[in-house]
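Letters A, B, C and D name the chains as they come in the text, with residue numbers starting at 1 for each one.
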């Protein structure tokens, strides 16, 4: 009954706004010197990291829903739940950037990343349940090893952030890089699925 | 003459912006301690409540327009009217959150919820009038018992907020939960409608 | 070469953002009393007026592009020009609201309305030129008496605002009401056009 | 696997937000006098320049993707990269406007323009690589003389900004005008391509 197209359009709009409002945290300096930009460097770095993360989520969301044939009420709310945690990213990004990657902001950044990965996992499982275990999407989502490894790495990153916040950031960055490496799994399954 | 698709797209964009700008009220603390997050807890809670409410409206709006065959000028303005009151939600949400759920903000939050439910009712009736009493949408909207009960409960919540603001919040939360429980009515009617 | 659909989608998104960011000017009071809302009343009133105006522009834009068969580079830039002046509405709205409808803000509000009506006229003429004088859109746009009357009324409103700002506001409100009264002209022409 | 349509829709939404949030930098004066608008004039001018630039990017993006038949993961990330640098435009625009076109902000404005033109070039090349050297898009993008000239002119503008910031602005404006002059190249190639 709920059309997949409108769910995608709504998610796209929300994700587009989330990714763009982060730039509002780059407060314009009143001074015209190069030095005036210096305090913005950590905010800029945290912006880049979050921009990549939200890009990854948009990309994965895009792929997953492409493999879906339809959606239902549960999928819709699982999707809203994911959008909710994505909407927390600008907040922790700004908090982390403004406080120059101190411990607690880095820890909370990791917590929000974990909550996002859990929300994504719930959405994936809801979609699989809706389509059945033998569906294209079930094969495409698979065991989601990459997702589980990410969640574990976020936890490691949070733990290590208590030792040194920069190690935490390094771990989060590694996860982002893992996702940037093209994931041919879903693509392969879909191509095969379309052959039949 | 007015296409349903563009009305949906515009509504989606406005609702997506409304749901996302609320997060801008979570002002980033300048302090990196966990304690710095404490004052944000009420704002966060009010954000969750409003996020769910706007999600419910988007969901219902989606369903209702799915059952519509076309729209006219009156529908368009009834829709704008609903979007107007939805756009008031971020304001009352922030006011309520920043003032730790004091009486007046909670009362006004309820008033905005009532105005939204009335605006939704007007939109539904305008759509029914446009499609005729024997139309699919007329059957789908039906007597809208759930909508009327919600409106009544908001009024009760407002009244009780004068006694204790938290009771008001509790009532608003109950209404949200009622809506989160899947409403199979419209879906059933539509499925039957498509059989013919 | 330029698709009408993407032009519509982009315009919808920009207009949706414009209509929604206005609400950010309703600064949340730090006080939880009803009195704290009082200074927001003029901002709220100016928000309603502008919400209706942007709704009217979206509605008319929607209708006009529905009658268009295609767009070209000139149309695209005429459309950007209109979006530019629409994007000025939140600024003059907030300036007028915050200064309790004093003379200069009311005058500038009128100037922005005039510039918008001119931009809309240019867009209409560009579309007519692109489709030819015997096209459906040429008949639909026609002499655009309503548009010309509006532009004249804005000028009158600006002039009268120098005498008394509230008279200016009254004139702007009259124009909004004129547009809210359903304009069956374009609809009629389109219906007849589709008969052939 | 990745649909072109959703990439376009997401890009449109992000660009629409970028072009619109710039207006939030036009801080509403608390004073109702005409003089209160004076300090906003440089911000207004920088807004116009950036509005045109983002309009040009949207227009070119639109054209280029229209010529594309499909997209892949690399295209998606090349597109995200472009959106990232576009999202920096509101920041440098506001910095330049608020500091009345002083040297460093004008230099950084130019740097962001260069980074955008490089990002656009990368996106174009990624699309060409994806479609093959004999594809419609390869012919349409061609040697991209205009793009290369622009990039060179930005560098010249940056250099001259160190002498006098206004000369830098003049050069950036010239580039904008070059792009506003309709580029019939892609359109011609596409029309010919569709003939076959």
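Here is the rule we use: a residue touches a chain if its C-beta (ideal position, glycine included) is under 8 Å from a C-beta of that chain, and two chains touch if they have at least 3 such contacts.
The model shown is predicted, which means the values in this text are computed figures rather than measured ones.
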{"item": "Intersection of the contact lists for subunit A and subunit C", "value": "B, D"}
{"item": "When subunit A is superposed on subunit B by its C-alpha atoms, the rotation angle in degrees, nearest 5", "value": "90"}
{"item": "Homomeric contact subunit B-subunit C: same or different residue positions, threshold half", "value": "different"}
{"item": "Far-end chain from subunit B, centres as C-alpha averages", "value": "D"}
{"item": "Inter-chain centre distance, subunit A versus subunit D - centres from mean C-alpha coordinates, in Å", "value": "26"}
{"item": "Separation of mean Cα positions, subunit D and subunit B [Å, integer]", "value": "37"}
{"item": "Contacts with 2+ other chains: residues of subunit A", "value": "9, 13, 17, 21, 24"}
{"item": "Residue ranges of subunit B touching subunit C (in the complex, touch as defined)", "value": "1-3, 6, 9-10, 13-14, 17-18, 21, 24-25, 73-74, 76-77, 80, 83-84, 87-88, 90-91, 94-95, 98-99, 102-105, 108"}
{"item": "Contact footprint of subunit A on subunit B as seen in their complex", "value": "8-9, 12-13, 15-17, 19-21, 23-24, 26, 28-34, 37, 48, 51-52, 55, 58-59, 62-63, 66, 180, 182, 186-187, 190-191"}
